[in-house]
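Across the two complexes that follow, chain A remains constant while its partner is chain B and subsequently chain C.
Right, the complex of A and B next:
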């Protein structure tokens, strides 16, 4: 049976076995979503938005949809993937199941807990009704699929006027107890007026088996709130990931999403910002460092609907071997969005002749008093810079690494959590295959 | 110290150097002068090991060792330093981090441990003072947005840090005003000793007022057409190059 048929056929069993409330609004949402998915199916290369990214080979795998969780996983198995040198809240999911023993949640000043409880407890009904699946709805067949199978994920609810002192780490592990699995985490983040939160998200396969993660995150940022969201994608070479992150912003809010793609076989990032007020700032930063036959596809959208807003987008790529990258950056400036400042930059270095990038800046501007710019460069390492460094005694390999490090540096500079910055710097050094004697 | 013997070099099959001979002994300052396109910068790049050039004949020997098969970094480790006419901008790498890496890589090549951070800092400060370089300057990205004078001063700062046996100064005076020229020349003179040597490549005689050469060579069309003492530079300044052709 093909994966699509298998998913549709499993839906009833999923709802029944999962003990999910069939009278709830969520049930209706799920039902609608599975019907939409059934109608549309998985995207193919015939879809304009999927022209350069194929799901074909991964969908051929016999993926298990409801893996049993490995309860023997302990802290020692996962600690290298957690930022330990910093106090934080942690939400740890093993094979899609929340592990309360390894996690550190709170309900004190804010809610850092799990979506399954938010979906079922009366206390959170209002929030779920007001926010859940409101931006993701009807977006594409993969988000519909995730919505249909929504069961677990992070639920972060920050009331107004709250500065969350500790960053929140969301970690999804797959243990591969069953051979090949598909996971569909679903996160909901609501940040109240004047509040501030930092979130770090990571997906990690602990086995050598194939995993496909189809993750959806909805983030709501209220007036004057600040949200920093960091995505670490350094998974194994048998792991594929489709991430859809939607951000809805109210006036004077600042939302930043940082995407670090180093690992994984195939990674597709759909990142969309929707403006619902004036004087909003949206920041999109990304760096991809790829080897072998890895593939990363960054599809971004900033939808400017109101006047006096800004968006800043900076994506860098370093592609080696036969790796491939896609950058599709869409900036939509609607007629009402006068005085918009929208900047987009996409710089790529191709280290080998076999590496490819498909870059597509897409600016659609319907307002006349705006400042919009985009810059797109694709190049090789600067030979004269290499010779300069060599002539000072720095061997070619180190000189290359230093140049590549420097190339990615402005993306890393934007990280506001020092411990995370160190971690990302180390990951970059590791992925460039060099030990540098200092931090940039 | 450095012997250049019958050196022929070409790029894309076009011969630029057509048999250069040069013998530089420890403690000496040599100047190479010549009009544009005579091969001055090519000579310095070939000595430093730039791979785009093919050495078709002859050899470059440093302290008895033929440099032919050595990569640029290996030549640097053996004591060759080239001050660039156009230093390259490297955004994202600070002056301090760059020189630290250069020093420690050179030490590594010699089988030495990294220089302790404290000693490194002390050395950096000492040499920065020598070149009258502001401390703030050291945490800026290498050469990025530097003025012409700052770039050249930064080159000599790196030379001071690396303490080369043979320093080649390629058009170090270009882009310098007279005050910056004095600081740079003064730095070079302070670094001079009986154990090292300097090769000054220049278009004009001006720099040679401050870094006084023991020998002056005139390069024309890939060959040294005349050699002499420091008075040759003055003669060239007065008469131009035409009388030598």
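Right, the complex of A and C next:
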């Protein structure tokens, strides 16, 4: 059976057995979503948005939809993936199921808990009804699919005037108890006025089995709130990931999403910002370092609807071996959005002959009093810089790594959690295959 | 003293009729509307074409029937009814003419209104003009000078008769009949166009040029141009267009093929000023053009275009850099006003080693117009040391227009070096103020600033065109104060 049919067929079973409230608004949302998915199916290369990324080989696999959980996972198994040298709230999901034993949640100043309880508890009904699937709806068919199968994920609700002291870590593990699985986590983040929160998200496969993660995150940023969202994608070579993140911003808010793609077989990032007020700042940063036959596709959209807003986008890519990178950055400036400043930069280095980059920086501008620019470069390391370093006794490999490291450093510099910066620096060094001998 | 205010300007612009909006009443030999195999055969017969040409057309027609009209471009328009167009129209007078006296005086008047005095051009500028009115060329000058050098410059219909071996060898090799919807349509029904062949090692002593006009109401114009520059030769080719104002939409689907063999260079310049429709967006020409060039070893093709006309433009002059060390260039200014829509850009396909390409695209939008740049830079796996520089700048006037960029960059070789830059902005108030302060009125100031903005491209035009182009820019933007 094709995966699409399998998904549609198992939808009823999923709703009935999941202990989900069938009278709620979310039930109607889910029903609508599965119908939309059935109508549209999985995207193919014929879709302009999927021109350079094919899901064919992954969708051919016989993916299990309801994996059984390996309960034997302990802290030692996942320790290395958690940022544990700082205090943090952690939400740990194993094969899509929340593990309360390993997690540390809170309901004190703010709610850092799980979506399944938010969906069922009357206390959160208003928030869920108000926010859930409002920005993600009518988007791509994969998001619809996730909406239909929404069950578990992080639920973060920060009330007004709250500065969350500890970063929040969301970790999704798959144990590979079944050979091939598809996971669909769904996160909902609501940040109240004047509040501040930092969130780190990571998906990790603990086995050598195939996984396909179709993750959707909705982030609502209210007036003057500040949100930093870090995505670490350093999964195994058998894992594929489709991540869709939607950010809705109210006036004077600042939202930053950082995407670090090092691992995984195929990664597709859809990152979309929607402005709902004036004086908003949106930051999009990303770095991809790829090897072998890896494929990363970064699709971003910043939708400027109101005047006096800013967006800054910086994506860097280093592609080795037979890896493929895709960058499609769309900036939409609507007619009302006068005085917009929108900047976009995309730099790529191709290291090997087999590597490919497909870039499409796209500006669509309907307002006249704006400053918008994009830059896109593709090149190699400077031979003379390399020679300079070699002539001073730095071996070629290290010299190369140093230059590449410097190339990616602009993006790393934007990380505001020092411990995370160290971790990312190490990951970059590891991916460049050297020990840099220093930490930044 | 009466002050010339912005409102006055606006009024003037709105009421300003298309200058070249006149209609010459010449008896035309016209086909009934509609398109079928019979019509294709009839066109071919009319032209006395050999069998291989008729078959080629029919093949194209067969392909076209299977194709769908593309809708990926960022333009909105009412799809033309392809069965509602007459596919052939030629002035009745078809006899070859040796001198201007033999030309219909009505026709000569038309040229005068357009500002093309053939005598003037003959005497003053060193330009050979192959005037095409409604698809059949009626006057060719400087043929003798060109003949001495061995240069062939003639209507393509004559070339099919006189140089079938050249036409047969190259026609459809760069833009195959199966390429796209409009190219297929053109291949099936093209009535005439220009053919140019520059022999080995010859530098064409003058700018070759063709003026096109759409004359007869309701006739589509399907031009076919084929330029072949043999090894080591050089040619500069100009193409300029103006069309009379008519209410119904007119279709223009041309195909231009350039072939630059080893060490050859072709410079192809276009000034396009088809009727853009009136202030309400009524009427105007649909311009769906396929232009493509092939560069062999060390060859160079340079496209320069100034696009101020047409209601809808859909045009991507491209270069296939097949040979090593070949160079492709694209310089473009697209100005849209009122309800015009332009989706234009280029494709640079790098296949050979050490290939270079430069793209400079300037878009100016005013009124309710939409202006898009759509480009592709593709570096093949074997194109080592390929180099590309692209720059797309957009200037917006008024808050109802739009500027869009869709650059595609596909690189499969690590030694490639690609730079792409794009900016969007409006005319600075301080710049306008500075000019005003020095006694330059707003309208002139805008023309000045736009000319400065487009200078990089205007500079690439041959002298004869640069002046005309500058004037065109001014006319198209009159009164659109940001």
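Please note the rule applied: the second predicted complex is superposed on the first by the 439 of 440 C-alpha atoms of A that agree within 3 Å, B and C clash if a C-alpha of one lies under 4 Å from a C-alpha of the other, contacts with A are read in each partner's own complex, and residues count from 1 in each chain.
The definition used in the following text is that a contact is a pair of C-beta atoms (placed from the backbone, for glycine too) under 8 Å apart; a residue touches a chain by one contact, two chains touch by 3 or more.
Every value quoted in this text rests on a predicted model; they were computed, and no experiment measured them.
Partners chain B and chain C, once the complexes are superposed on chain A, both fit on it without clashing. Of the two partners chain B and chain C, more residues of chain A are touched by C. In the overlay built on the shared chain, the residue A:125 is in contact with neither chain B nor chain C.
When the two complexes are overlaid on their common chain A, residue A:398 makes contact with chain B while staying clear of chain C. Of the two partner chains placed by superposition, A:196 touches none, neither chain B nor chain C.
Within the superposed three-chain model, A:379 lies in touch with chain C and out of touch with chain B [touch as defined at top].
In the superposed pair of complexes, A:409 makes contact with chain B only, with no contact to chain C.
Residue contacts after overlaying the shared chain place A:367 against chain C, while chain B stays out of touching range.
Between chain B and chain C, the minimal CA-CA distance in the chain A superposition rounds to 15 Å.
Touching chain A in their complex are the following residues of chain C: 72, 381, 394, 396-426, 482. The part of chain A that touches chain B in the complex is made up of residues 382, 384-385, 387-396, 398-399, 402-403, 405-407, 409-410, 436-438, 440.
Chain A contributes residues 48, 335, 338, 348, 350-353, 355-380 to its touches with chain C in the complex. Touching chain A in their complex are the following residues of chain B: 48-51, 71-73, 75-77, 81-82, 84, 87-94, 97-106, 109, 114, 141, 158, 162.
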